[in-house]
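What follows is a group of structures, each given as C-alpha cells.
There are two complexes below, and they share chain A, which is joined by chain B in the first and by chain C in the second.
== the complex of A and B ==
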C-alpha cells in the first residue's frame, strides 16, 4: 500500500495564543504530522489583532479567521456565516480531510458541517466530558449528536471520554478511537537536583475555579499543614476561588507555608513544578488532564482525585488516587509522602518518555485519517436520512439545517466558481529540522 | 496495514489483555477503536430515581390548590368592591381581622413566642400601612388614563403569571434570619401580583377604597404564603383541614358570583390535585437517567462563600 500523504485542516476555536489542553494538542499534533510529511493547516478565529494568515514553527500555516469570539473564546454560532471562508480555505489549500477539535467550539461544528456538505471526510476529536442532567449539557449533547451523526471517524482522549461520547451522541463505538494527549518530555525535565532538606513541597497548578476543585483545596490544605509540619504548598493559578484560598490562609495563619503565585504562564510551569515533590490535582471532572503528565514528566509524584479519565493517565505506582473528599485526599497525601523516598525524578522522567510521545500520537492519528478516507462516499440523500434518525424533533431540524447548508453551498458555488479560487503554491519547509530546533522554537513560542 | 498487524498479534497465544489505560502508546494487539467487553460497565442507570406514592403527591398538591383558592378569594373581593357590594369600612374591617388572625396564627405556630419578635412585626406592619396610606392617592390615579379593557386584560394576565411563577414550596417573605434568599421567579411572581393590585386600584371610587384594597391585596400576596407555610410546618393535618375548608368556602362564594366560574375553578382544582399527580406518577416510567465516571464529582461538604 502506498504511503498516503494527507492534506489536513485542523479547526478549533481554541488555538495559540490561548493556552490549554486542546491548544497544545492541536499544536503538537500538527507539528508531528508535518514531520511525517503531511500538509497541515490550522483554522481558528482571530485573537485580538492576530488576524489573517500566520506561519508557526515548521511551516505550520494558521488561518486566523476575522470572526470575533463572543463567549469564552467561542465564535457566535451563525450556522452559515462561515461557509464562504471555509469553502475558500478548503479549495485554496486543496484539503483532503478536515479535523475538528473540542465539542464546545462553534467554529469546529460549523466547519465540519460545511466540509461534510462539500463532500469532505471529517474527523472529530472530543476533549471534554459532559453530564446528562442539566440544560447546558443536554443542549451540548444535541449539538454533538448533530456533528457526530455524519462524521467519518471520531477520536477521544481517554476511554472514559469515549464512553461518554458514545452515550452522548449515539455513534457506534467502533467509530470512536482513543488517542490520548501526550507531553513534550523535553520541555518538562526534572531539575538537576531535587530540592534538599527536610521540607516537602506540594505543588498545585490549576485555574482556581469550582470545576477544578478549588473548594477541596480549601479543606485539604489546612488539614495537611496541621498533620505535617514540614509540608509547604505552592499554589499557582488564578480564578474566582482565589479569594477563598486566601481567606483559608489567613484563617489558619498559614501565610508562610502556603505560597500563592497567581496565574503562571505556561513557559514558567516547569520552573514551578521542579521546586516541588508532590503534585496535587483536585479536579472534579477531567477528560484527560495534561497537567498530571507535565508534573510526572518533571519527576513529581501525583496525588489526584479519581474523576473522569484521570485513573487511566498514569501507571498505579506513579500516582496516588483519592475520592473527591477532603478526608480521603488527606489520606492520599499521607500515602504519597510515605512513598516519596522511593521516587527518583530522573527515572520517572525516563518512564514518561516511554509512556507518552507526541510522535506516537501523530502516528495513531494518521491511522484514523487513513480509515476516514476509506469511508465510502455518500450522496446527499443518504446523509440526510442519517440526520433524520437523530430524534423526533431534532432529526427534522438537523435535516433542515443540512438542506439549507447544501443550497447555500450551491449558491456560493454559482457566485464564486471553484476555478476562480486561486490555489496556494506548494512549498515545503525542510522536513529535516533537527529535534533541538523544533524544541527551541516551541519554547520561544510558548513564552511569548 | 494495521489490521494485518493485529491479526498476527491476536493469533499468537500469549497476547496481553486489553487494559483500560491511556499510557504506553497503542496497546499491542488492539486497535485504538477497540471496544472492550468492559465498555460502559461503570454506567449506572436511574440511580437517584425516587418512587413516588400517589397519595403523598396528592397531599402535597393541596398547597397549590389552597393558594389557587386564596387568589380566587382576592379576585372575589376585588369584584365585590368594584361592584360596590363591599363598602370601604367593611373592607377595612376585613383588613384588620385578617391581620389579627394572621398574627395569631404566627404566634401559635412559632415554637418561640417572643415579645421582641412580635414588636418587630408590629412596627414593620405599621410602617408599611402608613406608607401605603400616604401613597394611596398616587395609586388611585397612577393608571387611571388606561382604558378599563386594558386594565382587566393586564390584571388577569398578571395574576396568571403570578400563579405560574409562585413559589409553592415555601414563601417569598421569610422569617428573619432565614438562610436561603428567595429566587428570581418568586420575586417576579410577587411583583406581578402587586402590579395587578395597583391596576385594579385605579378603577375604585375613593382613596379610602384604594387604601383598603391595596392593604388587603398586599397582606394576602405578601403574608398569606408565609402564614400557610407556618401552618403546614406546624401540623400537616391542620394544613389539610384548613385547605379543604378554604376550598369549600371559595367554591361556595364563586358559585354565588357566577356558575361558569365555579365550574372552571372546580375543574382547575381537580386537575391540580388529582390529574397532575397521577400524570406525574405515570410519566415516571419514562425517566431515564445515566450516571458514570464522567460525571462531575459532587462535593460532600457545604461551601460557604
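== the complex of A and C ==
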C-alpha cells in the first residue's frame, strides 16, 4: 500500500498520436496511476503540428517538446541540448520521480541522465529484447549500460527481458523488477457469437517486417492452405514485406483464401480479431507481445513462435507454441485446429480479465516507485565513480560526460535561477459525475 | 484612483485604475533597468572600437577596419537601446475595446487595438520552446485561427498575468470558469 502520492514524469519518444506497445503502455499506466491519486506528466517530442502542452483524459498533461525527430521517431541526440527544458519541466511540475521508457528512445536516455545530475530518483522500463552481436546492438547496449549504471530501479516486462537487460547492461539483478504488460479487456471483448460456417479463419495482425516473422508467414500460409481446404487467412498490417506476401498469394492463387487488409487502425483491431478463430503470431523476437493478449481477450486461440518472453504470457491451454520453423508452425496450426471445438471465447475472456489488468500493473509500479524513492541520496563524486566500472575507455568517457553535464547544470542554474521558474498551480479536472460523488461523500462524512 | 503593484527582479506590474471617476483600467508591465546588461554592451562596443583602432595604428591594416568596427559597435548599441522595450501596457476600455501598447527605449510606441466584440476569450496558456516553458496571456479572436499575444515582447510571471486576465475577462463579459478550480494561485 502506498502511503505517499508521487509526482511522476514519464519520458519517451514514443507516445500518442503514435500507436504501439510502448505508447499504449505509457498511456494506460498513466491513467491507472492518476486513478490511484498520483500526478502524472508525460514528456515526448512534437509530432508534426502537435507541439506544446496538451491535456488528455483524466487530466493527463503531455508536453510535446518542439525537438525534431531525426530517425525512426527518435529526437536528435544532442547530449546536453535538452537539459534546460527538462530542468524547467521538473521544477515547474514539482516532479518527484522520472520514469523513462524504451531503450531505443534518445529522449529517454537524455532525460534520465539530466534527472540524475539534478538529483532526482529515476526508474527505467525496458520494453524490447536486443541482440549482442551486431554493431547497432553493441552501441545501444553501451548507451544502456551508461543509463542503467546510475538508475534507482529498473522494470522489465518479462523474466526473459530481465535476463536480457541484465546481461546487456550489467545492472545488478536486485534492482530489476518484472511487471508484465496488460490488456484493456473492456475494449477487447469477444464478439456476440463466433463466426459461423465450417470455415476456420486464421487472423494475423502485425507489422510486416523481418523481425515480426513475415518471411515465415510466406512459407506457412500456402502449406496450411494446401493441407486444410477449409482454412482462410486474414492478414492485417503493412510494411516492407507486404510485397512478398502479395507475391505468394499470386503464385499459389490464394486470392480468395488470403485476405490482405493493409494497415489496420488501432480502433479497428478488435473488429478484425473477432472475425477469426485462431490468431497467428510469427515474431522472431518478442519481449512480451501484447498482440496475443489482445487476441486471447477476444476469445481467439493463439498459435505463436516460442521466442523471447512469449511462453510467459498465456496459460498453456490458451496458446500453442512452435519453433520459428515453417514445418513446426504448420504442425502447431494443425493442433490448434483440433483444439478449436473445446474453446469457449467468453470463458477465455473472463480468465484474461482476472489475469491481466492495468490497475494491477499500476499498483506494482507504485511499489517500485516507493522503493526508488527510498534509495539513499548519493553525492556527486560517489555517483560518478559508479560509471568507472563500465569499461576501460567507456567508464572514463561516461564520467567525463556526467561531469560536463553537472557543470552545464550549474551554468543553467545561474542563467535561469530556480526562483524564476514558476510552479504550475494545481488543477482539479472537474467532471459533473465526480462533483456529485464529492458532494455525496462530503455529506456522508459530515453526517458521521 | 486605485493603484496596485507587484514587483519582481525583472518586471514591475502597476494597475492604474482611475475608479470611480473613469472606467478605464490600465495595466503596465515595466522592465526594470538592468545596469549590468547595459554596462556589458558598452564595454564590448568600446573593446571592438579600440581593437579596430589598434589594428589600424599598430598593424597597418587599412582604414576600412575602423569603418567596420564602428559599424559593429553601432549595431551592438542599436540592438541594446533601439529595440529594447521599456514598458508594455494594456488599456482596457469596457464596452469599447482593448489597446495593447509596447513602448521602446527609442521613444517609439507600437499600438494594437482590438474591439471588444472581436474578443471571444482571454486565455492563459503555457508556451513550450525547445529551451523553456513559460506562461503567456493571449486573446482568442472571433473568426481568426491565430491567437493574439497580449504581451508581444515581454514574459511577465503568472502572478502579474492573473489580475490582467481577470480584468480582461470582466471587460469582455466571458465568465471566469470556476472549473477547473485553482487550488493554489
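Here is the rule we go by: the second predicted complex is superposed on the first by the 427 of 448 C-alpha atoms of A that agree within 3 Å, B and C clash if a C-alpha of one lies under 4 Å from a C-alpha of the other, contacts with A are read in each partner's own complex, and residues count from 1 in each chain.
Basically, a residue touches a chain if its C-beta (ideal position, glycine included) is under 8 Å from a C-beta of that chain, and two chains touch if they have at least 3 such contacts.
Here the structure is a predicted model, which means the values were calculated and not measured.
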Revision key, fill the gap. Per residue count on chain A, the busier partner among chain B and chain C is B
Point to revise | Touching partner for A:215 - first (chain B), second (chain C), both, neither | key: first
Practice item. Classify the contacts of A:52 with the two partner chains as first (chain B alone), second (chain C alone), both, or neither. Key: second
Exercise for review: Considering only the touch criterion stated at the top, classify A:92 as touching first (chain B), second (chain C), both, or neither.
Suggested key: second
Practice item. Using the superposition on chain A described above, determine whether A:325 touches chain B (first), chain C (second), both, or neither. Key: first
Check your understanding: Touching A:427, do we find chain B (first), chain C (second), both, or neither?
Key -> second
Check your understanding: Once the shared chain is lined up, is A:416 touching chain B (first), chain C (second), both, or neither of them?
Key -> second
**Study point:** Which of chain B and chain C A:188 touches, first, second, both or neither
**Key:** neither
Study note, to complete from the structure: Listed in rising order, the residues of chain C that touch chain A in the complex are 9, 125-133, 135, 157-159, 179-185
Point to revise | Partner chain A, residues of chain B touching it in the complex | key: 1-2, 20-26, 31-33, 35, 39-40, 42-43, 289-297, 299-301, 303, 305
**Study point:** Complex contact set, residues of chain A against chain B
**Key:** 1, 129-133, 153, 157-161, 163-164, 166-167, 173-180, 211, 213, 215-216, 219, 244, 284-285, 287-288, 305, 307-309, 312-315, 324-326, 354-357, 360, 364, 367-368, 370
Exercise for review: Spell out the residues on chain A that touch chain C in their complex, using ranges where they run on.
Suggested key: 51-53, 63-67, 81, 84-85, 88-89, 92, 416, 419-420, 422, 424-430
